[in-house]
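Below: one structure, written as structure tokens.
Chain IDs A, B, C and D follow the sequence of writing; residue 1 opens each chain.
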Amino acid sequence: MSDSIKKPSWKERLHEIIYEADTKEGKLFDVILLIAILASILLVMLESVKSFDNAHHSLLNIGEWIITILFSIEYILRVISIKKPSKYIFSFYGIIDFLSTVPMYLSLFFIGSQGLVALRALRLLRVFRILKLARYIGASNKLMLALKASRAKIAVFLFFVVIVCIILGTIMYMIEGEENGFTNIPVSIYWAIVTLTTVGFGDIAPQTPLGQLIASAIMILGYSIIAIPTGIVSSEMTKTDVDTNTQSCPSCLKETHKTNATFCYNCGSILN
Amino acid sequence: MSDSIKKPSWKERLHEIIYEADTKEGKLFDVILLIAILASILLVMLESVKSFDNAHHSLLNIGEWIITILFSIEYILRVISIKKPSKYIFSFYGIIDFLSTVPMYLSLFFIGSQGLVALRALRLLRVFRILKLARYIGASNKLMLALKASRAKIAVFLFFVVIVCIILGTIMYMIEGEENGFTNIPVSIYWAIVTLTTVGFGDIAPQTPLGQLIASAIMILGYSIIAIPTGIVSSEMTKTDVDTNTQSCPSCLKETHKTNATFCYNCGSILN
Amino acid sequence: MSDSIKKPSWKERLHEIIYEADTKEGKLFDVILLIAILASILLVMLESVKSFDNAHHSLLNIGEWIITILFSIEYILRVISIKKPSKYIFSFYGIIDFLSTVPMYLSLFFIGSQGLVALRALRLLRVFRILKLARYIGASNKLMLALKASRAKIAVFLFFVVIVCIILGTIMYMIEGEENGFTNIPVSIYWAIVTLTTVGFGDIAPQTPLGQLIASAIMILGYSIIAIPTGIVSSEMTKTDVDTNTQSCPSCLKETHKTNATFCYNCGSILN
Amino acid sequence: MSDSIKKPSWKERLHEIIYEADTKEGKLFDVILLIAILASILLVMLESVKSFDNAHHSLLNIGEWIITILFSIEYILRVISIKKPSKYIFSFYGIIDFLSTVPMYLSLFFIGSQGLVALRALRLLRVFRILKLARYIGASNKLMLALKASRAKIAVFLFFVVIVCIILGTIMYMIEGEENGFTNIPVSIYWAIVTLTTVGFGDIAPQTPLGQLIASAIMILGYSIIAIPTGIVSSEMTKTDVDTNTQSCPSCLKETHKTNATFCYNCGSILN
């Protein structure tokens, strides 16, 4: 804001366009970037479809090069428009940007490095920055807050699920054995996870009556305990959403007051 | 109500019967219409069952024509009984009604236009209008309110799910490869969605140990993050549902009174 | 209770034992009955296992006759120990008891009526009566209350799910067609239900890219909207559980006061 | 703490290291133990993978013996460092520790006792003790509290699910019959559980139109009633979690204060 008083340098202007989404140009840049990322993902997808690749190989190749050059220019602009380039280069997005651009150049000399382009999907996370001004980030922050608060409980739950799957998987291996598809303990644990999470591929399925009985128990367990993470997040969200507001006490700076509080619960001063 | 003082014209009466469900005739009309819609859907379903169609083709054809003529009459009555016909014709229901009636006439000249009759299922949404007087609409409105309020959060969640599926699908394509059914990236992403949402068709299933390990991680992820939309809607509904409003007691300023409260539950003064 | 003053007749004593679970004899009777019901279900199950039935047919037959005679005696006792026999005979349990006893007698003259014994499983619902004194019924009542309160919303939700499945099933039939297992519209709707509810048998699975895209959308939809019934019941239970207590106002008899209410929200009288 | 005044005996020191995790040595011991347990589980898993076992049998055998000797030493140290050895030996962990160590010795004389090593997975539960100091145990306790409170309701729910599966399984057996994979009633009940819990292996799937109709109903039922355990746990957790206690303000008698509140949020008086 204070930049608007004295005329900003071209670096400052570039920084505003590339790194911020508050100005019209900044938003436009981000939208174009998002479209380019989506196009680049689509290109890689189509390339993997053999019949399509055989028919339109050169077209896909040209598209891939255009995208790569655009991404390279964007990368260079990002580096030069920031005061401390290392801050960007070694940031999460900086590394993602580099890794999703460089494989195409390497493919001039080596073959098979296109696999890395999957990283481009990670660039899609930038979409949240574009939506920065909208309520989406607010929603995302609330989600994050609720998830962070329930981190410990969910870790305990997941740990419990993994132990249960190891034990039940081993038991099923002993009951069903190799002849029914439970070829070894890791595969049986994999099957236990498939069953407990109610995915149920069906590539492996118990054949003996005892195995089916235990499988039934696993399924009912999985069907019931899904209530636990859900309950954790629900109660956390209800708390975050309903109980408290974001004002801080003018005297002691304590936050998370009840929405209908008139006095600070910590120091007793009147809240505004 | 004020219409009952001076005698309503036949157009007004027709409008009351067709567009409203408050009078006995209006309710009867809507119930008959609903039965006709259900019959029309059943007809199309049976038509698609080859063995049944071969045995009773002419019967199905006659039924189809009866339904079509009834729907045509209904459509014309709707158009003439409204003051501004264009208001109905270009409304959601107007377009649905037209598209679900016209294909049968076209089939006199062309073949294969019966496919459009699937639109008839959309006409079933009218059932909510018939139930207008009952508490169902209230329930539906509350649902809509809660869903609208959680729209932004659910959009963020779905966006996250899609990005995760793109990344994990691509990784699984690189690990499992074509020989294990992961023929290309789009198919692998499809598989990732099938797995993360705990559907698990089993038409494609990982065969390599590493693939099964990642699949296990996807399943546990899917099993855990289903807690997020559930938590969002739960907390939203608890908020919407809690029988309290935001007015404050004129005497003691206490808030969160029950919506049907006449007196403050804290000090007993009369609420406005 | 007043029966204990004057000596009860044998009919009254029998009634106490059979229909109530407050006395020691009544509890014993119910526990024995429950064991007999479980044994009868186990017998029918084992009978359906061909290999077991071939080996132990006469044993199963004898067990079946013992159970049948026990159930017959119980039925007769129930009829004679009640003042108005018709009240029992035409009640839910009366019909279940009759239907689960009679097939064995019919099987003397006809073959194949054993199928009806499945009704015996319904007799298991009696277990809740045995647990009457415990906290289980309280829990069950709270559940019922929450479910009753959310009946309308869940009806709207299920109706929505069915309409969505009809529409999506029809679309999938048009896209995938008979050659990919979507042989007719009813089967396609069945597949849509299998997919939306995240069951995913995999006996039918989309093969075309467009079909897989729509299937992905159905799965993500199903994965998200499961939040709706869950949210409904969660918020209802939170309300039932937390917000209100069961005392009624001494003046106006209004119930469901906030747990921290001092004054009746309806008439302003002081609550005790 | 008081032990640090007079010098503790070596038994007391050993007890501190082995049974407690408050000192640096105690923590180190527990972390090393956890790694050993994980290694022992990994060994058993790899042993069950035939191709790996054939290639590295002697290596696995040596590893197994090292683990067994380490576990034996740990077991002996646990027994001698406690005042009442029987208290440990017959505790849950004591039995688990014994059973997960002894099979290897037995295998010198007998073959096939390795199966018992699955018990080692249970030893992983010790991880919670290592994390004792962290917030994980607090989270785990809260989870336990909420689950304990909802025990009765969940028991009623599970009982209901089992009865429904018995009834629906039997009905499906009668409708589909042996020729469609529903070979007997237990298998059909197994299928009903697979379907109701939305697992859906697909090894058995209904083929008749009526069977598919009932299957659809089961699926929609299972999709809806998952809301019940979720609702139970959610409401219980919201109750447990809500940061409020039951004390009332000495001035205004307002309740539902935040647990860390010093002043009443309504009138500002000091709470006790």
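The working rule: a contact is a pair of C-beta atoms (placed from the backbone, for glycine too) under 8 Å apart; a residue touches a chain by one contact, two chains touch by 3 or more.
Predicted model only: the values in this text are computed from it and were never measured.
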item: A-C compared against C-D, more contacting pairs; value: C-D
item: Rounded Å distance between chain A and chain C, as computed from the means of their C-alpha atoms; value: 41
item: Chain C-chain D separation of Cα centroids, rounded to whole Å; value: 29
item: Overlap residues in chain A, where contacts from two or more other chains coincide; value: 157, 186, 189, 198-202, 222, 226, 230, 232, 234, 236, 238, 260, 262
item: Chain contact graph, described as a line, ring, star, complete graph or other shape; value: complete
item: Parts of chain D lying in touch with chain A, wherever the complex brings them together; value: 41, 44-45, 48-50, 115, 118, 121-122, 124-125, 127-128, 134-136, 138-140, 142-143, 146-147, 154, 157-158, 161-162, 186-187, 189-190, 193-194, 196-203, 222, 226, 229-230, 232-234, 236-238, 240-243, 257-258, 260-268, 270
item: Residues of chain A defined as touching chain D within the complex; value: 152-153, 155-157, 159, 163, 166-167, 170-171, 173-174, 183-186, 189, 195, 198-202, 205, 209, 212-213, 215-216, 219-220, 222-224, 226-228, 230-232, 234-236, 238-239, 243, 257-258, 260-268, 270
item: Contact set on chain B toward chain D in their complex; value: 198-202, 230, 234, 238, 254, 266
